[in-house]
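Order as written gives the chain letters A, B, C and D; numbering starts at 1 within each chain.
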Amino acid sequence: MNSMNSMISDIKAALSPLETSEPAFRQIAAVVKPDGIHGALAYLKNKGFTQLCILTCIDWIEDSQFELVYILFSWTDGIHIQLRARIDREKPFFTTVTDIFPGARYYEREVHEFFGVEFCGNEDLYKPLFLELWDDIPPLRKDFDPQAYSDSKFPMRENANEFLSMTGGGDDE
Amino acid sequence: MNEVKLFLGPQHPGMHGNYSVHMYVDGDIINKSRPTPGFLHRGFEKLMERRLWMGNLALIPRICVPEPDINEMVYAMGVEALAGIDVPEKAHWIRMLVLELARIAVHTMSLGFIGGPTGMYTATYWAIAQRDLILDLFEELSGARIYHMYIIPGGVRKDLPDGFAGHVLEKMAELETKLPEFGELILKHPVIHARAKDNIMLPAEVVWELGVTGVGMRSATGLANDLRKVKPYARYDEVEFEVPVAVYSDALTRLNLKFREIYQSISIVRQVLEKMPADGPVNVPVSPGNALRWTVPAGMVYAAVESSRGEYGYFIVSDGREKPYRIAVRGASYPQGLLGIEKYLKGYRIDDASLWMDTMGVCSPEIDR
Amino acid sequence: MVLDEKDNRSPWEKIGDYFSANSVWMKWYCTGCGAIEMPPTMTSRFDMERLGMGPMATPRQADVLLITGYLSTKTLRRVIYSYEQMNSPRYVVGFGSCTVNGGIYYDSYATINRLDMYLPVDLYIAGCMPRPEAIMNGFAKLIDMIKKGEARGWRHYQENYEWYKKNQLDSLGEVIIKDEFHE
Amino acid sequence: MNAMNFVYGFLVLVAVFIFQTTLTGINRKVTARLQKRYGARWYQQFLDIFKAMRKDSTSHGWVFDFGVIMALGGIMATVIFIPVAGFEAFPGLDNVFVISYLLAVGMLGMAMSAAGSGNPWASIGVARALTNMLAYDIPLMIVIFTMIFAFDSASVGELAAMQQGMGVLGWNAVRMPLGGIVAVIALLGMLGKKPFDSFIAPAEIASGPMVEYGGKHLGFMFILHEFMTFIEVSLILNLFFGGGATIWEYMLKYAVLYTFTTIISGVMPRFKIDQAVKYFYRVPLAMAVVQGLVVIFTGLGVKIWF
């Protein structure tokens, strides 16, 4: 089992990350440039990080950037790695990593559906996955307001007694 | 060749939960299948950004309905890592107790649900009744049967009630007398063998390709890849337990593994009750003042626990304010429930599709969120 | 659902309602998390079959549609489709606070807030989620209502079809999905 | 054959319906007790049928409607020809072949109707039901032909009468033990009890042929199912367990045999359809052939018997 320190120095040497940190017990965070993600994932997979736990995205609306997060896990070392890269929010294009981790396919579809990030090379990207007949901006973007959407689409109940008065019930119980 | 399009689900008795597998069949054989999630999509990740750090406690257990405690645990672990909270010793042990009881409940239920696809309804009836005994324990502990909201950042909500340890031991003893009956009825039944043996295979290379964890991974690779062993959380490094493994993963092996894990969990529960400190605080206040105005320092952390279906994790981002900036959920059944169904259900029969859902442990609410 | 006060059922309808009340088959459709309390209600501990209730495989065979919890729009389309496949007399039971007013998901972009805008609900069972005891109690109440001829949501749906359809279309855009395979 | 025969026939139908439906209700309770619960009321099956008859129903075209009527007519006609404890509404017509061909009319009606609904699950269910029929029929027919050969009679009533008078030792199930086992296994298949119920499996094909039936159509299907159960159990009872000298003996034996199949099915999962066929063509078929050879070439159990 490699120690955390040697792993961090390995990563620093091989990936030349912009920044590394240790956010939690046995967890390493590394920020790389977007074009370095592919190489970094391939390198880490060879180092024993064989499992892609999750691929997700963060919307930094103030910086006008999306941050893609790849979390890998090594079952031999018991270490999680967060690999992060920022891409432009206005031009959210990225390449797929399904050639390295085939399991990323559905995560990419999900990120595309919820954030609108397009992964070139993932052929199923444009099929709807979770949402059906969606007619607004991707819902997990920060500028999407679910309350307003809900109010406009799904009417609320005006008062609590309405149902009781409608059915004429409520008195006998 | 005359292909027929079929919907297995969402309203099909063989489907657990609101999930759908669309397939093209030729006779009984599946030629092509495609998972259709999203029927349970509630937009949790968005809703969590709109709730306070403490307010989220009510929301998170609803992500995985059969086993809600893992949600509370990962959320608590992640927030504690971000805010640098040290959890009192006793709280760790109580958390383990809750998690293991939940694991027993889920495994018992999933053993019983094998009755759905195979038609063994008697097993279902018996197993659900056994699970109810554990839900009674939860009710005594937290006041709720399903959604407990018991594990909170900083510890657990309150101490164990008086006499709780005794009740747990009683129920465990009763469960141990009933489990051999299930073994007899389910795992040794020749017709179940005919249905489940050499069926719904999961080869080791597929495990690595999809990223399947949990029982699926352990039954195929022969490695004891359990987060409780590999990266212990709470006090799992201080209890002794085995992780059952196998090198040939068919539906029957996975059932067997689940059955053996129940015994391991019972043993962990006993050890926890033995080694737990008798007194001491069970939680620490997370903030000096109003917990509703509590802010968590900025940072990003990934927390994961071993659920009954595999690695279950939250990726939590805080920007230092009163609400989380983003929380992403890694559902444990994501790989086998989506890509697995799409790629590896081909060639099996219609009857086996729900067996896949059952033995792999596909939990639709955590896929949809 | 405005009820006319006096009981103007013919004797045949009364006999029919007696049979309907004592043999209520529910549609096996787990629409939300309340479904996790259905297995205990059905199985050995609470044993729903005592009341003559049992699960049925398809909407054609069923009498009562259980909406077990929140409904996402994607599910609501299927639920409406299922409801319209059922043969009358048919009943709808809403489980949990999510069907009453959206519950904890009041601000979600994917779930509806009021079930009775889209389907004629005969009975709500409160709770998040309702315990098996509450479910049994609710079913006993439903049986009572059917016996007295009070569960007339299906007739209300027929009479006010345009109103329901308008609500459904307003919220969902399209009720029936033409291509579920997305190809 | 005069008017009285038809009156008898009608009375038989009414009596059979009441008896079999009551027994089904009691068997639901037996299953419930097996599953450690209280279970439905004994008359629940009546309530279910009358409730279904009360409901509106949806038609899927004239083939769908006509198939139901044809099936019900065929099955009801078959019931009248079944001899019960020496009583026959139409004496002399209780030939095995008459019964099995009339039964086929009912089966075909069901298949036609279900396929007429246009639902793919129903088509799969019908295909499975016919495959299942093919599977259990061959071993059972070998045993029945052996019996006809040995006793020189194809009349169900005569075959039943021949077994009476010797107590248990007279039963064909004892004279031909392998054949008796084959008959009980085939009965499970005929009744659609587990492990051979893959054609109506709810969790696999959403109850198969029944998938589109609702309301009155479903009520007819339930009545049809009760009659069909009566025919199948009666056939096995008459041929292998000596029928009954009195009506009470017959009813008692019938109830025991039917409850036995229920209990077996309570602790069984179901075979997939291909496994069911393989199973029938392996064990029961071999047993049936061995039984046939033994009876035909040695006469053991028929000519040589105490």
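Rule of thumb we're sticking to: a residue touches a chain if its C-beta (ideal position, glycine included) is under 8 Å from a C-beta of that chain, and two chains touch if they have at least 3 such contacts.
Just so it is clear, the model here is predicted, and its values are computed rather than measured.
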- Comparing A-C with B-C, the busier interface by C-beta pairs is B-C
- Note on the structure: When centres are defined as mean Cα positions, the distance from chain A to chain D in whole Å is 58
- Query: With chain centres defined as C-alpha means, what is the inter-centre distance between chain B and chain C in Å?
  - Reply: 29
- Item | Euclidean distance of C-alpha centroids - chain A vs chain C, Å | 36
- Query: Just how far, in Å, is the C-alpha centre of chain D from the one of chain B?
  - Reply: 44
- Residue numbers in chain A touching two or more further chains are 128, 130-132, 139, 144, 146-147
- Multi-chain touching residues of chain B, meaning two or more other chains, are 5, 12-13, 38, 41, 43, 46-47, 50, 125-126, 129, 368
- Which chain D residues reach two or more other chains? 35-37, 202, 206-207
- Item | Pairwise chain contacts under the document criterion | A-B, A-C, B-C, B-D, C-D
- Parts of chain C lying in touch with chain B, wherever the complex brings them together: 27-33, 35-37, 39-40, 42-45, 55, 57, 59, 70, 72, 74-75, 78, 82, 104-105, 107-111, 128-129, 131, 180-181
- Which bits of chain C are touching chain D when the two form their complex? 16, 19-20, 22-23, 25, 28, 43-44, 47, 49-50, 52, 54, 56-63, 85-89
- Would you tell me which residues of chain D are touching chain B in their complex? 34-37, 120-121, 123-124, 127, 194-195, 197-198, 201-207, 266-275
- Message: Considering only the defined contacts, which chain A positions touch chain C in the complex?
- Response: 127-128, 130-133, 135-136, 139, 144, 146-147, 149-150, 153-157, 163, 166-169, 173
- Partner chain A, residues of chain B touching it in the complex: 37-38, 41, 43, 45-47, 50, 81-82, 208-211, 213, 223, 225, 230-231, 299-304, 311, 313, 315, 317, 325-326, 328, 330, 334-335, 338-339, 368
